[in-house]
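Shared between the two complexes below is chain A, which pairs with chain B and chain C, respectively.
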Partner chain A sequence: MQCVENRHESVIVVGLQGRMDSSTARIVEEKMISLIDRGESHLVVDCAQLDYISSAGLRVFLMAAKRLTQARGKLVLATMNDDVKQVFDMTGFSSIFKICGSKEEAINSYRQES
Partner chain B sequence: MASPERSGTERFVEKERSVFVGLMLGLLVLVPDVVAVALANSVMLLSDLLKSGSETIATFLSYLAIRRVRQGKTFDYNYGQGKLENISSLAVAGAMLISWLIITFSAIERFRHPSPIGQIGLALFVTGVSAVINVLVWRKNRRLAQAEPSPIIESQWRLYRAKTAANICVLVSLIVSSVFREQSWSAYVDPAGAILVSGFLLLSAYRVITDSVYDLLDRTLDESLQLVILSELATWFHEYVALHGIRSRRSGSNVYIEIFMEFDGDQRMSEVQALIDRMKASLEEKIQNSQVVIAPATGPVT
Partner chain C sequence: MTMPERLELTIRNDLAEIARISERIDDFIAGHGLPAKLAFELNLALDELLTNVISYGYDDPGPHDIEVRCALADDVITLEMEDDGRAFDPFDAPPPDLTASIEDRSIGGLGVHLIRNLMTHTEYQRRDGRNVVILKKKTDL
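And now, the complex of A and B:
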């Protein structure tokens, strides 16, 4: 599992690559916590190269979303493949996250708000 | 209309009755089995007899465990005695492994020193009756296991499936050995069939051992149930401030789930408790035999 961070003005884009399961979700969790702890509140997770997500991965997104809400921030997800999107739809996670079709659309969603 | 608690008890009594019937039938078949082995000079029948004997002992242990578990929680066992089911399943698996060793050893010996089989009339009759009984018990336990997950019933239906497969191998091997008695190769059919039976046993034992050991080590719930928990957390997403951890485990037929959450500090304790009660009831309704604890927390719980 690879987790790459890029800044686009005030928005941090975290690109995920590989499988997010019980053995790799910790890597993403630590990355998200470190970003939130250093005060980043506009996060985009680019799922274009995320092949698979398990319940452990969903749990990380849920915890991060809650922490960001407390910090008056937001987590936007982008470019999910059909398998990952299906897991989000099945568990009702699609209704609690903003999911964009592209990374640019997700970044722009913050610009439109400000 | 029966209350859920009453139906749970009824289900448990049915499980106990099913294991008891299996035990009685096992004992019933053992006696003629001994005579058949003495008459047939078949390593396969000897192996089948040893296997049946060890399985009957294991079934007896399962019966004792299931009776004990039915007694439920006591002051000494606040979480019930569900793990006794797992331990009993391991005993069944242990019997399967011992049988596998005996069968393999006996078959190798017979390959080294081949000898023709003797009278098989009684053996055919006893094995045929055993096969019918085993199919019936296998199907009944399978139905029970599908209705409610239970390590004991799960191991029992696999045990009876293995026994049925073994019976079929014994029947085929006895008939082939007898029909082709004049052929020199027929002396090898008996030990070859015994090796085949041991393969079924080994597979069943592996499955029972892995499932029971993982549960004894408090492995978290299956992915399908984890997704149900997360789906619930998504449903109640706006009702809590933070999620600090989830723990889950299985003990026998029971499922234990602990969720650590932070709630709005401005809410009154009674409001938080009412919310917890609703979340708990909703999740327990979705996961059979689950006991959910939702604990307020302010920091990560691992």
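And now, the complex of A and C:
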């Protein structure tokens, strides 16, 4: 599991690569916590290369969203493959997260707000 | 070489084993000409079960073996997982609230919810002091 961070003005894009399961979700959790702790509040997670997610991965997104809500920030997700999208749909997570079709669309969703 | 109708694997109680076993399931499903989506769904269900057992199932920190069996017969895949952890029926849990807001949402129960939704049949047995979970999925869905 790889987790790469890029800045686009006020937006931080975290690109995920590989399998996000119970043995790897901690890598993403530590990255998200470090971003939120240093005050980043406009986060995009790019799932274009995320091959797989289990409930251990969902837990990390929920934790990050809860912390960001307290900090008046937000988490937007982008470009999920069909398998990952199915997990979000089956658990109702599709209705609590904004999910964009592309990374650019996710970044632009912050520009329209500010 | 034709793909056998059964796959029998023994893994250690180590979360890193889950990715390894998923490759074997992928190969088994692909070898029978079945869709990758089916392999994904079987692997997710198995992952959720194994994660629970490996993370919470044992009273001691030592090594344990977990048996995983996968079989294809009459257009049904049967997955069995057998462990020597403490008695625990994963399906004896209330369903999660899938409509709560971010603030009120809890992660508990989502793994089992996924298993129930992905599989056509779920079953738990306590057999000779061991936990046996049986999952079935029709291949023509």
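Following the convention adopted for this analysis, the second predicted complex is superposed on the first by the 114 of 114 C-alpha atoms of A that agree within 3 Å, B and C clash if a C-alpha of one lies under 4 Å from a C-alpha of the other, contacts with A are read in each partner's own complex, and residues count from 1 in each chain.
FYI, a residue touches a chain if its C-beta (ideal position, glycine included) is under 8 Å from a C-beta of that chain, and two chains touch if they have at least 3 such contacts.
On a predicted model such as this, the values are computed, not experimentally measured, just so you know.
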{"item": "Contacts of A:R19 with chain B and chain C, given as first, second, both or neither", "value": "second"}
{"item": "Partner chain in contact with A:D83 - chain B first, chain C second, else both or neither", "value": "second"}
{"item": "Which superposed partner A:S54 touches (first chain B, second chain C, both, neither)", "value": "both"}
{"item": "Touched partner set for A:I27, first chain B, second chain C, both or neither", "value": "neither"}
{"item": "Partner chain in contact with A:K66 - chain B first, chain C second, else both or neither", "value": "both"}
{"item": "First (chain B), second (chain C), both or neither touched by A:G92", "value": "both"}
{"item": "Overlap of chain C and chain B interfaces on chain A (superposed complexes)", "value": "54-56, 58-59, 62, 66, 69, 87, 90-92, 95-96"}
{"item": "List of chain A residues in touch with chain B within their complex", "value": "54-56, 58-59, 62-63, 66-67, 69-70, 87, 90-93, 95-96"}
{"item": "Chain A to chain C touching residues, read off their complex", "value": "19, 21-23, 52, 54-56, 58-59, 62, 65-66, 69, 82-83, 87, 90-92, 95-96"}
{"item": "Of all residues in chain C, those that touch chain A in their complex", "value": "15-16, 18-19, 22, 37, 40, 43-44, 47-48, 51, 54-55, 96, 98-99, 101-103, 105, 107, 110-111, 113-114, 117-118"}
{"item": "Interfacial residue positions of chain B with respect to chain A in the complex", "value": "223, 226-227, 229-231, 233-235, 237, 240-244, 246"}
